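Listed next: structures, encoded as C-alpha cells.
In what follows, chain A forms one complex with chain B and a second complex with chain C.
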Partner chain A sequence: MGSTPGKFDYLKVSSIRDAVKALSEVENSKVLAGGQSLIPLLKTRIMTIDLLVDIGGIAALDSFREDNGFIEIGASYKVGSLEENRSVSKYIPALHEAAAGIADPLVRNMGTVGGNLSHADPGNDLPPVMTALDAEFVISGNGNQRVEKSDKFFQGAFSTGLSHNEVLTAVRIPRNGGNATSAFMKQAKSSGDFSLASVATVLHLDDDMNCLSSRTVLGSIFPRPYLMKSVDSHLQGKKINTGLLKEINNIVKNGISVESDFFASAEYKRYIASYLVTEALALAYKRAEAGLT
Partner chain B sequence: MKNVKVNIKLNGRKFEREVEPRTLLLDFVREFADLTATHMGCDTSNCGACTVLLDGKPVKSCTVLAVQADDREVRTLEGLGEEPLMKRLKEEFIEKHGLQCGFCTSGMLISSYSLLRKKSDPNEKEIREAISGNICRCTGYHGIVEAVKSVKGETAREKLPESPELVRR
Partner chain C sequence: MSSITDIVNGKGRFVDDISFPGMVHIAFARSNYSRAKLLYVKGGYTARDFPYFMASAGEGATEEDLSLRAPVLASKFAAYLGEPIAAVTGKNRYEAEDNLDSVEIDYDPLKPILDPVEALNSEPVIPGVKTNIISDRYVGKEFSAGEAEIVLEDRLENRRVATNPLETRGIVAAYDGTKLTVWTPTQSAHSVRDGICESMNLGKESVRVIQTDTGGAFGLKGGVYPEYIVAASLAMKLKVPVKWIETRREHLMASRPGRGVVGNMRIHAMKSGVIKGISGDVIVDAGAYGGASWSSGWIAFQITGPYAIPNAYFHARSVMTNKVEQGPYRGAGRPEASFMMERMIDLLADEIGADPLDIRLLNAAKDKFRSPTGMEIEASAGFMARAFEKMEYRRLARESKPGISCFALIPAVSDGESCRIKVERGRINVWLGGNAHGQRHDLWVAKLLSGKFGVDPSIIELQLGDTDMLKEGVGSWGSRSAIVGANALLKVADKVIAHVKKDKGAYTARALLSGDYDEYEYANEKGMLISFCANLAVADADAAGNVRVSKLKAYYDVGKALVPDVVVSQIKGGAVQGVGQVLSENIEFDQDGQLMAASLSDSGVLNSVQSPDIDVYLEEVPSRFPHGAKGVGESPTIGVPTALVRAIERSAGIRIRKTPVSPEEIVNARSRVK
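For the complex of A and B:
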C-alpha cells in the first residue's frame, strides 16, 4: 500500500460560496485542487488536516476566457491545458514555456494554475511568470471579492495573502497592447525537477524595436518572485544587443545577494541567474524580431 | 471521520466502494479492485510506475485520492489490453528490448499509449517528453523510445480502432 495520509474528512463542493463556508467552519481545513503538492505533504504527514475541501467539482473554475482587455484563467484550469492552449503559446510564449516545463505530463494533467500559485513554493514556475505578466489575482472570501497584484499575493516561501477561508478563483493577465514579447527559462537538476532558478521576462517594444518597458522576474532564488528593477530600468529606451546583454549579465551577477544552500552554492546561483536573464531577454527579443508575438 | 462512497467507471465497468477519504487511487485499484498491473514504485510522486488513465489522461495514481476519481473514468493497463494500439506497443516493447525487469512497464505503456492517441506521429523529442514522468532503472530508455517509434504512424496509417469511451478526451 502507498503511504496513507492521516485521517481527514472530505467535502466536495459545487460552489465557491460553499467552499468558503466549509473553510470558515473548520479551522484546520484546506482547499484541495489537483493535489500534486498537497497530497505528497499529507502522505508524509508533514501536514495533517481535519477537512479537505475539494474544489474540483466547481465547473466554472476550470475555465479560460479571452476578453478585450485581458485573459482570465480559472483557478482549476489544468497546467496541462495551459501547455496545450494555442492562444497561450501564440501570444504569451513565456506562459506556455513555464507550463510545459513544470514537472512531467502526468503531474501537469492533475496540477492546476490556482494550486501552483496558491502553494507559493519558491520553486514553482507560474509565480514568476504571473509576476512578469503583471497579473491580477481574483480572490473570493466571506461575502466579498478582492483583486490583488503579485506583490501582495506572494508574501514569502509557501505564504500568500490568502486568508485561511479565501479561495483564489482566477488570474487575469492584462492583454499586451502593441508590440509585446516574452520568454521563460528555467534551470533544474534534471528533467521534471523543480527550478533551481527561473526567469520570466515580458518586453514592450516600440516600432523601432527599442525597449519601452519591461518586467523581468527571477524565480526560485528568493522566497518570493523577484522583480529585477535594475535590469528593467537599464533596458529602457534601448535595443537589445550583445553589448547590452553583457551589461545586464553583470548587473544581475553583482546585484543579487544570495546564500549557498543544500541545492547550490551562492556562486552558482549568481552565475545561473545572470545566465538565464540574458538568455531569456535574448530569446524574447529574437521572437519580436521574427514577428512571432 | 466519515467514509465516503466512491463510484468509478473502472476499465469500463462500474465499481463502487465506501472508502476512507484518505484512500489513494493506487490502493483503490490494487487493494479493492485487485488490479495489480498498476505498480507502486517510489510512493513519492516521482517514478510513474503507478500511472493510470483518469478520464483518458495519464496521472500518477499514488498522488490522486480515490475520491477525486469519483464519478469519473479510470483505465488501468488491464483495461487497455484489448486495444489494438496497446497490443502493438506490447509487441514492440518485447521486440525492441523496451523492458527488462518490467516494473516500470505498465506506466511506460500507458504514457506511450496516450501520446500516440493524442499524436499519431511524434518525433523522438516528443516521445521522450511523454515518458519523462516515468522512470526506468533497467533499459536506459533507448529500447522504449525505439518501441514507440516502431508503432508510431500506425494509428494514422492503419486506423487502429479504439473503444468508444476512450475517444472522448
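For the complex of A and C:
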C-alpha cells in the first residue's frame, strides 16, 4: 500500500507551445500545476503517468489582469494570491470567500486557479464560483485558442472539455457592472475540509435594490456545478427579504433530486443546499445594502 | 533521546532517519477485502516463508487454539481490510512499492461482518472458530429492580478512532549472525522484544530492541505487529538491514484503533435522583482474531466511576468483526466506561428535571466506597463540589448551557516499573522501563533526580529505551509513568546514595560525581491509585449542525504536578483528541467494506485552527508515593468527550448517544424533536 508514485518522466516547460507539444507527443501525460490534487493521486498509485508537464515555469500564466471589461486570472495564479488579492475581496467577495476556505495556507500557496478548475473535482470550490460569475475559460491547444463557458468546460466529475493536449491558460470574469454583489458559502464534510455542498451567488440589482438578474450555483452536490435557474427566475424583479428566502428555500428543497451516499443522506443534502442558498443570498444582499460592493 | 530543541528544529532522530549501507525497504501487499478466501498468493515473501503467528490469542484461548491467533501473513483467509499477505523489498521505498506488482493474489470475497452487534449471533468472521465472542463475562452482582421508581434505558456507542500519532509505525531491523537488533518508536522496548521472541521462538538474549525518538503513540506503539515480525524475519533471512515505515493509509486500515464499543445501559433510580443501580450490556468491537479480548470486562469494571451506586451488573462481551484488531487508544476503556455512566446520569437528570451537577453531587461517594464490581474509591463529593465551584459552573449555567462530566481515573499502576541510573565521568544517565513518546519524561527525571542528588539538572539525561541497557521494563501507558516510573527512579536514586555513603562515608554531590555508580531496580507495585477529575464544556450547534466549542475547562486532581507545564500540555493535547472523537474522528467503511478515510485529514484529526483551548485547573492532593504524583495522561480523553457531548445536546436540544456526532445527525435529531 504505497506512498510513492510509480516511475514517470518530468518536463518543465517555459511556453504554452512546448507544453502542448509535449502533451501531444506522450499519450499518458498530464499537466502538473500546483500538484495538490495530482500528486496525492500519483502517490497512492490510484493513477500512474508516463510524463508530467510542469507548467509552473511559464511566467505569463501566473498573472492577474484587470481590464475594462474583464478580470483575467492566469491559470497558474495561486489560490493563496487570490485570497490575498484586494480587488478580488472588494469586487468579487464570493471568489475571495471560496479561495480563503480552501484547505490550509500550505495547500493554497501551492494550488492554482487553473488546477482547481481543470481537476473538476465536484468537491472543489472554484468551479461553482466561476460558473456563477459566468466566467470564460481560455484554452490553448495545437496551434489554436478557444474560449468556453462553464457549461461546456465542466462536463462531469473530474471531467472537463479540455482535450488531452490542451492547457487552460486563463479564466476571464466579466466585470460586474453597477450594483453587483456576490457571496459564497460551503458546508464541509464532517472531517477534512472538502465541501459536501457549496453555493455561489452573483446578484445584479437595480437602483431600488430589486434583482435584475442573478446566477446562483450549487457546488459539490452534483458531478458538476449546477446553475439553479428556478431560483434565479424566482428572484427576478424582487427584493430579497425573509418571505422570499422562505420561498427560495422551498424551491431548492423540492427542486433538486439527490441520492444518499456515504457522506450524507439525500435528506440532509437537500436541507443543507437550501440552507446554504438562502444564507448566501441573504449575505450577498446584505452586502449590497451596506454598499460593500 | 533528542533534545526538544532538536526535535522542534527537525533534527530529531526518528526511525525513518536511520539508514544503513545495503539496507532494503519493505512494502506489504495487503488484503483488498474485509473478508475473503485467498485462492492463491504468488510472489513476494509469504506465510510459506514466515509461518508465524502473533503472540497473544487473548484470554480464554488455549495454546492449541491457533485459529484465534492472528497469522503474521495471511495465507488462506483474509479477515480484515489491509491484512498483510505478502512482503516485497526494494533498494528504496519507490522500488519496494514498484515490486508490489510482482505479487498476485486471487480472492474469493465473502460478505464482511463489520457490526459487532450483528457479529454476536452471525456466522464466525474467521474460519476455525464456533463463535465470534472471544470474551464473555458477567461483572458485578445481579440485582432486582425492586424499589427503583425510575428505570431508563439507552443504547450508547463510541465508534472506533484511529490512534493517529503524527509519526506512524515503523521499524529498522539488522542481524549480525547471532543477534537481531531492532530500532523502533515505542512505548515499551521490552514488550516489542518479548512479542518478537514469542512469535519467532527466539531467546530474549538474542534480540535487542532500541527505541528511537518517538513521535506520539497514544497506545499504538505499546506492542508488536505482524509487520515487525516480517521485518525481523527478513533481516535474519536476507542478512541485510531492513526498514519498514507505515503509510498513513496503512495506519488507518491496519494498525490497531481504539474505542469501538456499544453499551445498552439501564439506570435504576428514585424520583429524588438517588441512583439505585446500573446494568446492561457492554459489547466491544474487537476486530479479527483473539487479541483484543481485554477491554469489555475492564470497561464494565469501572462504569460506576466516582459515584456510590450500590448495584451494578454488566454482561461484558468482546466480539470479533472483519476489521483489524482493536487496540488501546489514550484512555483505553476508561473513556468508554465514563461515556456510559455520564450519558445515563444526564438522561436521569433530564427525566426528573434535576440539575446535572446536583444529581452528581447527590450520588457522589460521601465516604470510601467499594463498588459492586470491586472498584474502591475515596469520597468524591468534596472534590466534585470544589471542581465545579472553581470552574464556575453555577454562574455559567445561568448564562449558557454548559455540559459537565466527572470521572475516576484508574492509572495502570499495577506491575510497577524499572529504572537504571548510571553515574559515569560526572554525568548521569537514566533508563526507564516505560519509554517516553512525546510527554517529556526527561523533565521530571531531571527535576526529581537533581533534587535528590543535589546536582545540576543539565548533567542528567534520560535515555531512550533499550533492552540491552535495562534488564526488564513494563511500558509507558495508562497514565502510569510519573507514578511508577518516578517511584522506581527515586528508589534507584536511594540505592545510589546508599552506595556512595558506603564508599565515601557520607553522601555529597561531589562524591557522587567523582565515582562510577550503576544501580537498577524493578519496583513492583500492586493496588490502585484512583484520582478524581471533572470537565466542563460550552458549545453551540448552528443551523447546519456545525458545532463551535466556546469553552472547555478541566479540574483534575493530578497529585503533585511534578512539572506543571508538562501536566497542562498533556491536558491540552488530550482535550484536542477528546474534541476530535466527538466532532469528526472516524475510520468508517462504505457499504462495500472499503475504508473511506485515506489521510490524516479524512480521518478527522483536528488541526490547530480547529482546536479549542482549554482552561486547566490543577488540584494537587499528593498521592501515597514519595513524589506525590497521580495520573493525568488519559484524563482529557475521558472527561472532555462526555462534557462536550452534553454541551452539544443541550445547545441543540437533542439526545446524543454516539461519538462522533456529525452535523447531519444533529440536524436530523433536531428535526425529530421539533
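Everything that follows uses one rule, which is that the second predicted complex is superposed on the first by the 288 of 293 C-alpha atoms of A that agree within 3 Å, B and C clash if a C-alpha of one lies under 4 Å from a C-alpha of the other, contacts with A are read in each partner's own complex, and residues count from 1 in each chain.
The working rule: contacts are C-beta pairs under 8 Å (C-beta built on N, C-alpha and C of every residue); 3 or more make two chains touch, one makes a residue touch a chain.
Keep in mind the model is a prediction, meaning the values are calculated, not measured.
Q: By the touch definition at the top of the document, which applies to A:255: first (chain B), second (chain C), both, or neither?
A: In the superposition, A:255 touches no partner, neither chain B nor chain C.
Q: First (chain B), second (chain C), both or neither: which does A:10 touch?
A: first
Q: Quick one: classify A:107 as touching chain B (first), chain C (second), both or neither.
A: Touch partner of A:107: chain B, not chain C.
Q: After superposition on the shared chain, which partner residues are touched by A:223: those of chain B (first), chain C (second), both, or neither?
A: Neither chain B nor chain C is touched by A:223.
Q: Quick one: is A:56 in contact with chain B, with chain C, with both, or with neither? Answer first, second, both or neither.
A: A:56 sits against chain B, while chain C stays out of touch.
Q: A:272 in the overlay: touching chain B, chain C, both, or neither? Say first, second, both or neither.
A: Touch status of A:272: second partner only.
Q: Of the partners chain B and chain C, which touch A:141 in the superposed model: first, second, both, neither?
A: Neither partner.
Q: Report for A:2: first if it touches chain B alone, second if chain C alone, otherwise both or neither.
A: In the superposition, A:2 contacts both chain B and chain C.
Q: In the superposed arrangement, does A:192 touch chain B (first), chain C (second), both or neither?
A: both
Q: Which chain A residues contact chain B in one complex and chain C in the other?
A: On chain A, the overlap between the chain B and chain C contacts is residues 1-7, 40, 104, 191-192.
Q: Within the complex, which stretch of chain B touches chain A?
A: Chain B residues touching chain A: 1-2, 4, 20-24, 26-27, 30-31, 40, 43-45, 48, 50-51, 54, 57-60, 62-65, 67-68, 70, 111, 129-130, 132-134.
Q: For chain C, which residues are in contact with chain A within the complex?
A: 27-28, 30, 82, 93-94, 97-98, 100, 247-250, 253, 543-544, 546, 583-586, 588, 590-591, 596-599, 601-604, 607, 609, 660, 662-664, 667-668
Q: Which stretch or stretches of chain A touch chain C in the complex?
A: Answer in residue numbers: 1-7, 40, 44-45, 104, 187, 190-193, 262, 264-265, 267-268, 271-272, 275-276.
Q: Write out the stretch or stretches of chain A touching chain B in their complex.
A: Contact set of chain A toward chain B: 1-10, 12, 32, 35-36, 39-40, 42-43, 52, 54, 56, 80, 103-107, 109-110, 191-192.
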